[in-house]
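Structure in structure tokens, see below.
Labels for the chains are A, B, C and D, by order of writing; each one numbers its residues from 1.
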Amino acid sequence: MMKIAFFGLGNMGGPMAANLLKAGFEVNVFDLFPKAVEQLVALGATTADTPKDIVQDCDVVISMLPAGKHVRELYIGEDGLINYLNVGTLVIDSSTIDSATAQSVAAILANKQINFIDAPVSGGVAGATAGTLSFMTGGSLSSFNQAKPLLEVMGKNIFHAGEVGAGQVAKVCNNMLLSILMVGTSEALQLGVDNGLDPTVLSEIMSKSSGSNWTLDVYNPCPGVMPTSPASNEYQGGFMTDLMLKDLGLAMDTAVGSQSTTPLGALTRNLYSIHQKSGNGKKDFSSIFEQFSSK
Amino acid sequence: MMKIAFFGLGNMGGPMAANLLKAGFEVNVFDLFPKAVEQLVALGATTADTPKDIVQDCDVVISMLPAGKHVRELYIGEDGLINYLNVGTLVIDSSTIDSATAQSVAAILANKQINFIDAPVSGGVAGATAGTLSFMTGGSLSSFNQAKPLLEVMGKNIFHAGEVGAGQVAKVCNNMLLSILMVGTSEALQLGVDNGLDPTVLSEIMSKSSGSNWTLDVYNPCPGVMPTSPASNEYQGGFMTDLMLKDLGLAMDTAVGSQSTTPLGALTRNLYSIHQKSGNGKKDFSSIFEQFSSK
Amino acid sequence: MMKIAFFGLGNMGGPMAANLLKAGFEVNVFDLFPKAVEQLVALGATTADTPKDIVQDCDVVISMLPAGKHVRELYIGEDGLINYLNVGTLVIDSSTIDSATAQSVAAILANKQINFIDAPVSGGVAGATAGTLSFMTGGSLSSFNQAKPLLEVMGKNIFHAGEVGAGQVAKVCNNMLLSILMVGTSEALQLGVDNGLDPTVLSEIMSKSSGSNWTLDVYNPCPGVMPTSPASNEYQGGFMTDLMLKDLGLAMDTAVGSQSTTPLGALTRNLYSIHQKSGNGKKDFSSIFEQFSSK
Amino acid sequence: MMKIAFFGLGNMGGPMAANLLKAGFEVNVFDLFPKAVEQLVALGATTADTPKDIVQDCDVVISMLPAGKHVRELYIGEDGLINYLNVGTLVIDSSTIDSATAQSVAAILANKQINFIDAPVSGGVAGATAGTLSFMTGGSLSSFNQAKPLLEVMGKNIFHAGEVGAGQVAKVCNNMLLSILMVGTSEALQLGVDNGLDPTVLSEIMSKSSGSNWTLDVYNPCPGVMPTSPASNEYQGGFMTDLMLKDLGLAMDTAVGSQSTTPLGALTRNLYSIHQKSGNGKKDFSSIFEQFSSK
């Protein structure tokens, strides 16, 4: 039976680990918050006092951490897991971090024949809970194929974007584009409203025309157009402005590093920054609509 | 039998009138270019020397003209059609113009009990030829219902956006959003490519994720990803940069008039302006991708 | 003795007319608000009940009105001044309006041999009161020379930008640039503060370096750097956000009309629009700084 | 007599070292290009084969290197100068790098009681040659005071921005602002030209009004307005687009790191990126004007 070590039991990691348990895997969990650990233990997980005890005899390590420095620390920091993992262990890092960090951790682990794939997700807490996340992965094809059955337990769409780091790049591209779709859709809807159109009618027209996009079609930012979207629930739930801003920071670092041109992405980051500084960091990212509608 | 007068037989108007003829309508056509008229006459249209002769005894007038001033001139200018149309005539203006002009022409025609709807289209020359245009219309429900059977001969999706002018507003909103989708998609794809990703793989991932949008999914701006898109045909055909820039100018006029906030729309207009000034006005609007990919 | 008719006695027009009176001119004034008229009469102005009585026997008409439509109405509207002005009268319009309106009013007045110059101002209420306004004028050289002695009573810098309409163009260019300087300076100062710099030290450094500009050097947007700037007085006084936004709307109309490329101008308009919708329309335009500093 | 070790003899470092020699200092120089070293030796400099020999018995080290990694490598890399400098040595790094690198190098050198100030410059090759550079420095007041007499040999304005790293921050803020001034001025001038104004007249008007700024007043981007500016010399000489883009990359990294909001700075970086990709990297940065003027 495959043994999994799981690090990081937050809003995303917790339900992901729970889905692995439900599917019958043996999961040894770790988090700095005891309460998070307890919840998983109640579902059948085991735990231990230290990271090195957590990974003993495990075949796969999965991590879901806040930032690149935590990933580096866990695997290759002082007394890092690299010293305790067996040759051939598969490491799946689902944190959203910069691809350079993913690549450097992978390279160092490779020296000990430990296989690494980066596998950031999209789909939010709801997707993590329902097991319908999308995984965008980077790594060798063999590592990808090895990880796939596990990822399918936690998600629905499992993409192989390329070599190590490619999963992070794909996520950063997708989320930068997502933010542009959201802001553009908000502008277009409010422009219509300002000129007398009914936002529901306009949404329907554009959805069936060349303005069609994910934010317009399934996550409409205008209150009242879609009863179930965060916009119709005072922008609660969903994907927080703070998190979108973090991803857009990664996108900008990536763009500067590769000397890429991203005028709309850069502007969108700054609009979200203004939005956050107006006190909207905890609202769903579709609340950017309010920057255009308030009068 | 319904008699239709058709003004403006350009790249769009020509095939639209042809489809009406094919459907068996009696169509009296007018254009300043004799050759354009001849082509329609060859398909069965009738013609006359002057606009006032063209509209004699007609039930419906359809116009497809370049700009607001032409529409004003035709209907309410010196010796305009308003002097020759019967009470109860239906006017369908499919030109893309500002909604204020549409509203003022409609108001003046209403004094003579002539009914007006604005009905700008999307779908390009290909859609006009195939009879698959989208019509975004504004006007009273009764005028809309009267126009609908005719519009269905020339198009596939017939939307009623609201009162007179609403069709123009809906089109301007949709096309502004479309331009944002195109630029954002181009940036995101090239950011991926600059960081080692295959654009076809990245397109597939984002299309199935929250980055999904019309330009990515069916009109991909990166050469080679979709064999049939303009991008894979040296950006020939499709919807010219010059025309997108005209529509974005209308969008900006509309936004300033209604004191709306459209940061991405405004930036996109300026990026297309730079693109045009670099000599790309006649290329398909997806060629904006080259601003980000050239090195 | 030269007789002047003055229309529009608001925040700007009132003190301008007062300065003409102080300089000994005979000024006949008109405004829709009786109180505004009374104040000038108390300073020695004469008045009358109707515009046509105001301009009787006058040599020069000066107007300071809110928008293009008021200018058109006054001079060439129904029962407009054009019917009452003598051949050879000089019209000086100091309203900030679009250059096309200035040009069309001028052309119609020219048919009656009435000379027109557009002469919008900068310098605000303080400049109007102190008689230190800048005038940016458009018109024939002879009209400019005729107007100059009067303008020097109300202002300090009197510029001749070109033919009729050129004064409006110059103002719109200057104010668009001004708004860009203000936003750029605000961003740069806050970026320094966010990274530990003292804004006064940074201001001094940049003022003596290539970052030097009017907003940094004499109108610093960061509270506390300059004791006398609006920023150090809770952004009261100065030039209101609402008015800057009006000017930026004119700039955008001008840019779309001339197919010009103004990416920073367009973005700045939208940032001011966001700022206004957050409730800051009545604050000085340097308060845009708060969009970047609030946390 | 003070002994100076100087590393990096490129377009900037070469003339800076030459000015120290002219002022009578003993300068030991190093560069990877022998020809650069030879030129300084011809002016009286000494040299040696290895960095460690260069710094023997020196009191001050000055470095002018391309990027942060070179600075790190020189001072604290394998066999870095840290191993060879005496206690109390003053290190002046004039490279333009990120402030975080400056701070970390300074902190490590401080362990050996070696004093560090960051002292990036502005003024270009012309300023380096004429000894009129501006230095923006960060470090303790005592180190600043120690460095000042040397900096005054190479420059005219010597600013103390704050603690270590503050010089880099000040430079990045200034150059971001400079790029915004340049783009905004270019837009405003071309908007005037597009509407019939003479760019020289408009420049004069705005220079005396609230549009006044360094790029308009002394470095005008419109060809023909100032005979001596790069714009009137086919955009040769001056400060290259490539270098401005490098500085804007640093600005963006800084802004993302400090969660700052810089919408115009971000847009300007992207406009320069488009400009570079059109083949203008080697032209003076005022050539961005051509993006708006070409038709």
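Here, contacts are C-beta pairs under 8 Å (C-beta built on N, C-alpha and C of every residue); 3 or more make two chains touch, one makes a residue touch a chain.
This structure is a prediction, so every number in the text was calculated from the model and none was measured.
Student: Name the chain pair with more contacting C-beta pairs, choosing from B-C and B-D.
Tutor: When the contacts at B-C and B-D are counted, B-C has more.
Student: Based on CA centres, what chain would you say lies at the far end from chain C?
Tutor: A
Student: Distance from the CA centroid of chain B to that of chain C, rounded to the nearest Å?
Tutor: Result: the chain centres lie 39 Å from each other.
Student: From the C-alpha centre of chain B to that of chain D, how far is it in Å?
Tutor: About 51 Å separates the centre of chain B from that of chain D.
Student: Which residues does chain B have that touch at least 2 chains other than itself?
Tutor: In chain B, the residues touching two or more other chains are 259-263, 267, 271, 274, 277, 291-292.
Student: Provide the residue numbers of chain B that touch chain D in the complex, in ascending order.
Tutor: Touch list, chain B to chain D: 267, 271, 274, 277-278, 291-292, 294-295.
Student: Note which residues of chain C are touching chain D in the complex, please.
Tutor: 99, 122, 134, 136, 157, 159-163, 165-166, 169-170, 172-178, 180-181, 183-185, 187-192, 194-198, 201-202, 204-206, 208-216, 219, 251, 254-255, 258-265, 267-268, 271, 291-292
Student: Can you check the complex and tell me which residues of chain A touch chain D?
Tutor: It is residues 245, 249, 252-253, 256, 259-263, 266-267, 269-271, 273-274, 277 of chain A that touch chain D.
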